[in-house]
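Structures follow.
Note that chain A is present in both complexes that follow, paired respectively with chain B and with chain C.
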Partner chain A sequence: MNKIAKLFITFISAVTLALASITSSFAKVEDGMIVLGSAISLTGKYSSNGVHTQNGYNMAVDRINKMGGVKVGGKSYKFEIIYYDDESNPKRAAQLAERLIKQDGVHYMLGPYSSGLTKAIAPVTEKYKIPMVEANGASRSLFTKGYKYLFAVLSPANQYLEVAIDLAVEKNGGKPVKIAQAFEQDAFSQDVRLGILDAAKRTGSKIIIDDKLPKELNDMAATLAKVKATKPDVLVVSGHTKGALTAIRQISEMKVDVPMLAMTHCDAAKLSKQHGKKSEYALCASQWHKNLSYKDKFFGSGKKYDKDFKKEFGYAPPYQSAESSAALLVFKDAFERADSFDRDKVRDALKATEMQTFYGNIKFGPGGQNVAKPMILFQVRCKGDTCENKVVAPTKWASDKFFHPIPKWSERG
Partner chain B sequence: MDFLIFQVPMLMVQASLDGILLGILFALIAYGMALQWGVMNIINIAQGDLVILGGYIAYTMYLAGIHPAWGVIVSPIIMYFVGWALYKLVINKVVDRDLFISILATFGIAIVFQQLMNFIFGADVVVAQSEYGTTMLFDNSVTLPNSKIFSAFVSLAYAVALVIYMKKSKLGRAIRATAQNARAAKILGVDTEKVYAATFGINAALCGIAGALISITLTLHPYVGLPYTVRSFMIVIVAGLGNLPAVAISGMGLGLFEEFADYILGTEFRIGAVFMLLVFILVYRRFKLSKKREYLK
Partner chain C sequence: MKQKDLILYSGLIILGLAAPYLFSAFKVQLTYLCVLIVLAMTWNLQGGEMGYNSFGNILFYGLGMYLTASVQVGMFFPLAEWTESGGEKTFVHTTAQYFQGIGVGLLVAAIIPALVAGAIGYAILGLRGHYFAICTLGLGIAAGEIAGGIEIIGAGQGFTTPPFPAEIVDPEARGKFFYFTSFIVLVLAFIFVKYIYGSRFRLILNAIRDNEDKAEAMGIQTMKYKIVGWMVSAFFCGLAGGIMGGLIGYIDSTDVAFDGREMGVFMVLMAILGGKGTLWGPIIGATLFHFFKEGLWTFILGWQYVALGVLIVVIVIYFPEGLMGWLREKYPERFGEVIDEKDRKSQVELK
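Moving on, here comes the complex of A and B:
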């Protein structure tokens, strides 16, 4: 019995191996298809942003395929993506990346959602020398490891709120400011914090409160009471969507008056929808906004993208979708310039990318991060009960003037 | 910046009130845990997830245009039946087994609940708005959200009601009898099966109330249940089983301790300090017990 079982297992594994080698020999480009792979969070705690990412990818695939596909060696190819659900779990994501590469024979990868999962996958793609264009991993540590096959279309995390400090100094007549900050203890938020430390050093500003919030953060009353007592010029908060929602809830309830409030994840948290007028004047870092005047021939402008996306998926695209769509434009451009499916040629072409998309300019720095696109800041502004995000910085893209200082709670209706 | 709390005395008032108000809410969850731990000898890992589910019930009402504060009445009713069903489906099979099996079973329930909530309500963090405003004390230097005051009062009211119920009602007496000695209670005609189901239901109902309160004071997300389990576990460990005033005091005490640890040690040590306190208390208890034993010898 034991022998038979062993034989059976050997047989099964032999067949699997044979199948795997067959598929991998031609799977990368099949019948005029370029097959890309992606592990993506369709279930688990990142599932909403995972779906935004997937919708962004799909939107771009459809558009590129409809507009003639990718031309390599005089022939036109179409994009196709194999997705696996990584359950928002880094270990699972790394396994799935191996599976995509070894079993499905994928030679080009698209990134997952979140810095944590990208960190889990990057060593795998690096090991097999698979070029990966990712759109949702902003942690600085991704770009300091010397990865050669990783390319990110988004700005790294430390740049998220640096602009806010410059803005605060500018409003203070060029004089240094007092900063209070509260960051969750996770890779991304701590990277944002490093950016603030740099900006504080550069401008000579002083950090008077520097709280590290626990991951199970649900209450920051103590931090806010300190802010009330010390009266800083600017309060910076970053703790994903939970941090943004907790901060606005408690700032409004505790009537904390601070001239300037800068945050991350406002649009992911649907801040203006969930908190309404209480979120007014919050300054938020964003990778993209539909009103920016970047252009490309596939999606036209940001506004057009916004309209088409709404038509297709029934909701306004968050920046997670826009940057994901941009990742495919980068791949298409690189394939055409490489004019080959040789992985190293494609990698070199990616490295030399310099283009404009509706999402922004893209040019990769030595670590693979996008160095051509600045972060933007928008401010929540309300008219009656409807609140909107208005771009206020950098000045080049600003549609509205930055409102400063935030009126005191006693003067707000 | 050194010890801001000593330079600005009003911060002490703020910290104390924040700690106590939040502590009372945690004490309510802990009381549910102590109750079913004492009666059924089950440590419920899914406690926090029951709380979050209760919160989502209130949030659903809020989305439907009903004020979320009504959740403190609707949510416990629904949650009672959820708890009751949970007992009939799973818990009754592990109630007489050893602690490890019940921990595994409730851990499994916790995972299923998390995934279900994620599936039904989505993975976004959500809040319900109570629009209760703020109470300002001492010339605006101490501010208390009315939602927190409301939640502390509701928690207290339910706790008092429950104590009276446990003392006066037939079911309450049966529950207490079962907790003291299940076999003896059975011999004397108590339907312990029914008592267990009711106890688990009452625990779930308490979680439902707490969840509804959390939806208007803090935030909801399918995966934030565990910290509530851990917190109530600690409160119960400190207070001991079957002693409601002790649970309330230890809840408030932990809340206070946490707030002050935040100011004095820094926010990053807030949770760490609570765990240190737990270790200290456990060691102290052991020390005290061993002394007692020597004395008895």
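Moving on, here comes the complex of A and C:
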């Protein structure tokens, strides 16, 4: 025992020395660099969207640095981001936020991917008074907690598919509709559900199926069987990328006929590419589309962003990337207006943000959510074998007419 | 207690008390370390001493987490309104309410999981070997899915635990509070486990591990001891979970509370890494594992689970008995085992 004890003491002291030698943290602004921190899902269930987010951040960092960086106090600074992998796990995300702030000395944060992870990180950034601009946490409850240092460039989750229900009612001659819905059990999708519940109440529509989907989502046959039996007017599905892919796969396999299918995350799932014609007529909520006419001097228009992004990363940017890029534009703008690295001054500047980016107008409401930008709906339409997302609502941006109802599988080629 | 032991223990206690001041920036990681050690040490009671590989201890950890948070909120405010639409209605705990709440919450988080362990144990501890392992694996998964459907604790939205009282302006206070709470739990758990190691109870657990039928034939009521053993683990797992819930600030049913894929596997891995069936093994295993994870993982972004897989393979192939077991084999005399050289040689020659 004594020998083991000695061994243990040796081990502990070695560790103590090792720890003490790395405690020195580096500051947030150094050698003309503004260091931002971000926990991103590089592994786990959100890994594909995590990478979209990271690509969006990196694209904007490169662009801003190349175009002269951030000018504060007459000096030009460049952005740099420290990334950690949060493994799509809120527990890990909260721990990493603490680590970024306490050990790496980060004074400004960029958001993670998904509402759940943002919910876990926000209390930490709030505690240390670290301004965080996030682009991927849409859950409404994030904006009702009175957080002072949280700013989201995107529209809240409950707005995602509310418009779809209004559309369904409109197509039904203004009469209430029967809604079938299935949502993943996570903060974001459950908020989308709340939005649908509100819309159903408002229009007097009836919800006839209200299913929950597991987080590791790869089967929803039970829900679809019910849909086949009850024939609702609209089917709503939300479960991040996997939810969108699973829904299309199984709807086409089971030949489920439903007049209207509304979903989220279609472009992140590259639905029109992966499932081609099977995904035709799916109606999708999106924060952004390349055809919108917003502009800024860094990325130009949405179409230009789309082109540049494709060149850099080899795929069309989903809205997750676009909104992430926008987050950095917001930071740059705020730093320059604050003309200081004082956290509270930067925070006040963020609060007063009112700008247009290629992604849309950005202005923060009292809870930190973006109130200046509406959600859009697009529909997957195919010509021959190539399928594309066409904006159908709101009418101001619509490039195509909304196709309704979806033809039966027996009539589809 | 021998003098050398006394030096060791007082040294460790002083280190533990000084740690949050010495490594101020690492408080959260240190808190995690304490919690991990508690989990590994109490898992070792089943997996190591009793020979019952439980993957279900995460059930008590998650239960403790939800219970602490629920009690902390429910004592002062309507719980349903707190969690409804993810905290739409905001209530604020005063400083006194916060600490009273978490105190009572932790107490409940220790007792109820222990009772649950008693009840479940009564039902399933008759299973042996793989059957028990698979059954407990199911428990953790089922609990996560069930919790994800209960509206009053936030269901899929998750449960935001009460924020640390705003009246305490020192931003370090929260970290210190959770560190010292977890350190106290660690010390309590250690004292208790050490006490068990010196008692007849451990011998009975070992007897169950080595040959349960024989133990029964000797007149030991094995069921009783198995249940009590599991209840002890559940008691400390519940406490650990309660602390973690408060520290993380956000409880998600499958990713934070009933996190069998991570915490549930980690506690087994740490105990095996250090050497199951020993007092110090799980402690050393947890410490090493935590340093490995924190130190290395950030350098291999995206590949850390591959590295973890390699680590598991290495442990299983080269250190099947864990570090302590390996040391014991290498330096048996340091563990107080006497080896008769003559006898050993003669055995070799016989072959």
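Keep in mind that, in the parts below, the second predicted complex is superposed on the first by the 382 of 413 C-alpha atoms of A that agree within 3 Å, B and C clash if a C-alpha of one lies under 4 Å from a C-alpha of the other, contacts with A are read in each partner's own complex, and residues count from 1 in each chain.
Everything that follows uses one rule, which is that a contact is a pair of C-beta atoms (placed from the backbone, for glycine too) under 8 Å apart; a residue touches a chain by one contact, two chains touch by 3 or more.
The model shown is predicted, which means the values in this text are computed figures rather than measured ones.
Contacts of A:269 after superposition on the shared chain: chain B is touched, whereas chain C is not.
When the two structures are aligned on the shared chain, A:185 is found in touch with chain B and with chain C.
Of the two partner chains placed around the shared chain by superposition, chain B and chain C are both touched by A:214. Once the two complexes are laid over each other on the shared chain, residue contacts for A:226 go to chain B alone; chain C is not touched. Once the two complexes are laid over each other on the shared chain, residue contacts for A:356 go to neither chain B nor chain C. Contacts of A:301 after superposition on the shared chain: neither chain B nor chain C is touched. Of the two partner chains placed by the overlay, only chain C lies in contact with A:127; chain B stays clear of it.
When the shared chain is aligned, no partner comes close enough to touch A:65: not chain B, not chain C.
Across the two superposed structures, the residue set of chain A contacted by chain B and also by chain C is 43, 185, 212, 214. Those residues of chain C that touch chain A in the complex are listed here as 2, 4-5, 8, 11-12, 15, 22-29, 32, 85-88, 90, 145, 148-149, 155-158, 160, 163-164, 171, 174, 244, 247-250, 252-256, 259, 262, 280, 284, 287, 291, 297-298, 301-302, 304-305, 324, 327, 331, 334-336.
Taken in their complex, chain A has these residues touching chain B: 43-49, 182, 185, 208-209, 211-214, 216, 218-219, 221-223, 225-226, 228-230, 240-242, 245-246, 249-250, 253-256, 269-270, 274-276.
Chain A makes touch with chain C in their complex at residues 1-5, 7-9, 11-12, 15-16, 19-20, 23, 25, 42-43, 83-85, 87-91, 94-95, 98-99, 102-103, 116, 119-120, 123-124, 126-128, 139-141, 144-146, 183-187, 189-191, 194, 212, 214-215. Those residues of chain B that touch chain A in the shared complex are 1, 4, 8, 10-11, 14-15, 18, 22, 115, 118-119, 122-127, 129, 134, 136, 140-141, 143, 145, 147-148, 218-219, 221-224, 226-227, 259, 262-263, 266-268, 270-271.
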